[in-house]
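Heads up, the next two complexes both have subunit A, just with different partners, subunit B and then subunit C.
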Partner chain A sequence: MGSVVLHNLLSEEFGVATSCFGTPLALYHFLHTRPEVHAIQESFRQGALTEGTIRRFVVELLQDLHSGIRFPHELAICALAVALESRATDFAEEFLLDLARLRTAEMSLSIRVARECLKRRMELPRTKGKVFRLGKVSNGNLVKFFGGRSVGSTISFPVSSESTLAIAR
Partner chain B sequence: MPKLEYFLAALSITDDKTTNLVSLFHVIEMLSAEQFPTTAPSFVAVSAWLLSEEDQGHDFQVTLNIRYADSQEWLPSPDLKVNFTADGRRLRIYHHVHGLSLDHPGELTLVLMLDGQQVAEHTVTVSKQAGED
Partner chain C sequence: MWLRPLFWWLAGQSIMFEQARFLGPTESSIVVQTRAGTDIPNLVEVKPGYREIQLYGLLLKRFGANWIERKPASGVYNCAGHVWASRRTAILETKHWNTILRDDGYRKLAETEQPRVGDLVLYIDNVHGDYLHVGQVVELREGVSPTSPHVPWVLSKWNSTSGETLHSAYDAPYEQMRQEYWTDRPIE
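This part shows the complex of A and B:
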């Protein structure tokens, strides 16, 4: 399924639908509405598509990149950029950054769409975490976490009930 | 300055890489132990920050301090610090804390500080567990 949704980006129907946009911003917005882009995102969610598959697909497409000739798979690359825009992985970040940094006239449209994606991506939450090990984690003692009692409801969480989450240490 | 959106401590957390959504599991409100001193189960303190245009490119430090409400002494030493450079509109900071030692029951206050200024706190009630029937 993963490679099918990618190869849909090379279909004539997709090419015709997306080829009439004069500006990268208009194309960017249109791609967000395309079922081909949604299908890629959905395949990711379902685990049917991996970033490795996308990497191989892109490498395959780039074999048709030739100096002085407009890259024939620009729209597919644009669609991938939009599909990866909100994906919080290093691959997605690298894909968009590498594309946006390119200075080649043959791929000018996808470069500008990637820049638009990066601009939107800046709006997405980023995460930074740090692990602090303060001492021995396990001491053989039983520590229980529990919630408060609910008010005005028939459901309650008594301190010693089985609804408490017990974590044996 | 970064604006705090929320601050919570929970037993575990997941980031969905596909949707970039965060889920917190079992927000900590109370805990009990059979005996003291004991070690608190591992937890994560999550703070979500909104960064303005003016913040971009500037360095900030978010510190998690923990103390009993009836004490001025911070429990872990040194402070639990996370440094960051503002880059983007939103940032989530996770303090993963393992092996926090608790020597008696009481109200535990998790204090969140931005560049040395307190911005929020989260209170956890620590009690001695009654004997099993």
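This part shows the complex of A and C:
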């Protein structure tokens, strides 16, 4: 399912629907309404899509980046930026910051959409983390998977991630 | 053969946009100022590739049954660069559109005023108030009856890599939008 939702971003339907915006801000708001973006966010929530999959997808897309020609997968990168905007993980931060820092004319649109996402991200609540006393946790991999960190006899999780809620339940 | 595992190993590292960094800074801009001397940041866009040309073709197919193409897909400028920078560059930020409208003495047409050739039409998102697009009125065609108002026809460049098309002001590929007409003409 994860790779399907990513490949939907390369579809003609998505490309045409998102191709008529004069400013990155308008595109940013429009992308927030798109089912393709919601599907990515939902796949994250369900665990069907991992950040590693996105990383590989992006690296693969960037093989088509050539000097002097518009990057053909700009809109897919824009959509990923919007999908990752509210995700409180290091990967999302890295994705948005690395993209926003670029000065690449071939990717002018996605760079500006990422900057918009970062601007909004800064406005999100800045609560960093919360400690849950869970007693004995048998599955260390599960904790690691959900982004937890061992602090003495307790384990902390990023408070805004879905994983926190999942573990807390 | 051995390159593939290497590629996937690299993909797992923190180099998502390394390919873009290899290109170096390729953005370029020109001097654009408003009448009041305010600098307008801009970007000379690169040319479209196969994908943009294909998408522009699909856009014409889907929405452009009644559009007339003036120019095939091209880079360099967007809609704002078309109307305010003589097709030399793209002006991408909404706040700069507002600066130009203010500094260059544009005013919004009243409901009772008819647009004229040379006026601008701004397409605005109903939900967030974003500017979606700007085009220039280049023709006024007769309405459905001799007594109905003329229909403005607009020359548009839909994005930084599309072509230019002539279309009725009401025939645009947006949902949930409103139009505003702006002019530099004095109030009569």
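In the analysis below, the second predicted complex is superposed on the first by the 126 of 169 C-alpha atoms of A that agree within 3 Å, B and C clash if a C-alpha of one lies under 4 Å from a C-alpha of the other, contacts with A are read in each partner's own complex, and residues count from 1 in each chain.
The criterion applied here is as follows: a residue touches a chain if its C-beta (ideal position, glycine included) is under 8 Å from a C-beta of that chain, and two chains touch if they have at least 3 such contacts.
Note that the coordinates shown come from a computational prediction; the quantities given were computed from them, not determined experimentally.
Asks: Thinking of the overlay built on chain A, is A:20 touched by subunit B (first), by subunit C (second), by both, or by neither?
Replies: Touch status of A:20: second partner only.
Asks: Is A:122 contacted by the first partner subunit B, the second partner subunit C, both or neither?
Replies: In the superposition, A:122 touches subunit B alone.
Asks: Looking at the overlay, what does A:44 touch: subunit B (first), subunit C (second), both, or neither?
Replies: first
Asks: Would you check which partner chain A:29 touches, where first means subunit B only, second means subunit C only, and both and neither mean what they say?
Replies: second
Asks: Once bound in the complex, which stretches of subunit A touch subunit B?
Replies: 41, 44-45, 86-89, 122-139, 141-148, 159-160, 165, 167, 169
Asks: In their shared complex, at which residues does subunit A touch subunit C?
Replies: My answer: residues 12, 15-16, 19-26, 29-30, 52, 55-56, 58-60, 62-63, 65-73, 94-95, 98-99, 102-109, 112.
Asks: State the interface residues of subunit B toward subunit A in the complex, per the touch definition above.
Replies: Residues of subunit B touching subunit A: 11, 15-20, 22, 26, 28-35, 38-42, 44, 48, 76, 80, 82, 84, 87-101, 129-130, 132-133.
Asks: Under the stated contact criterion, what part of subunit C meets subunit A in this complex?
Replies: So the residues of subunit C touching subunit A come out as 7-8, 10-12, 14-21, 23, 25-28, 43-52, 54-56, 58-59, 62, 75, 78-80, 90, 92-94, 97, 125, 127-128, 130-134, 158-162, 172-174.
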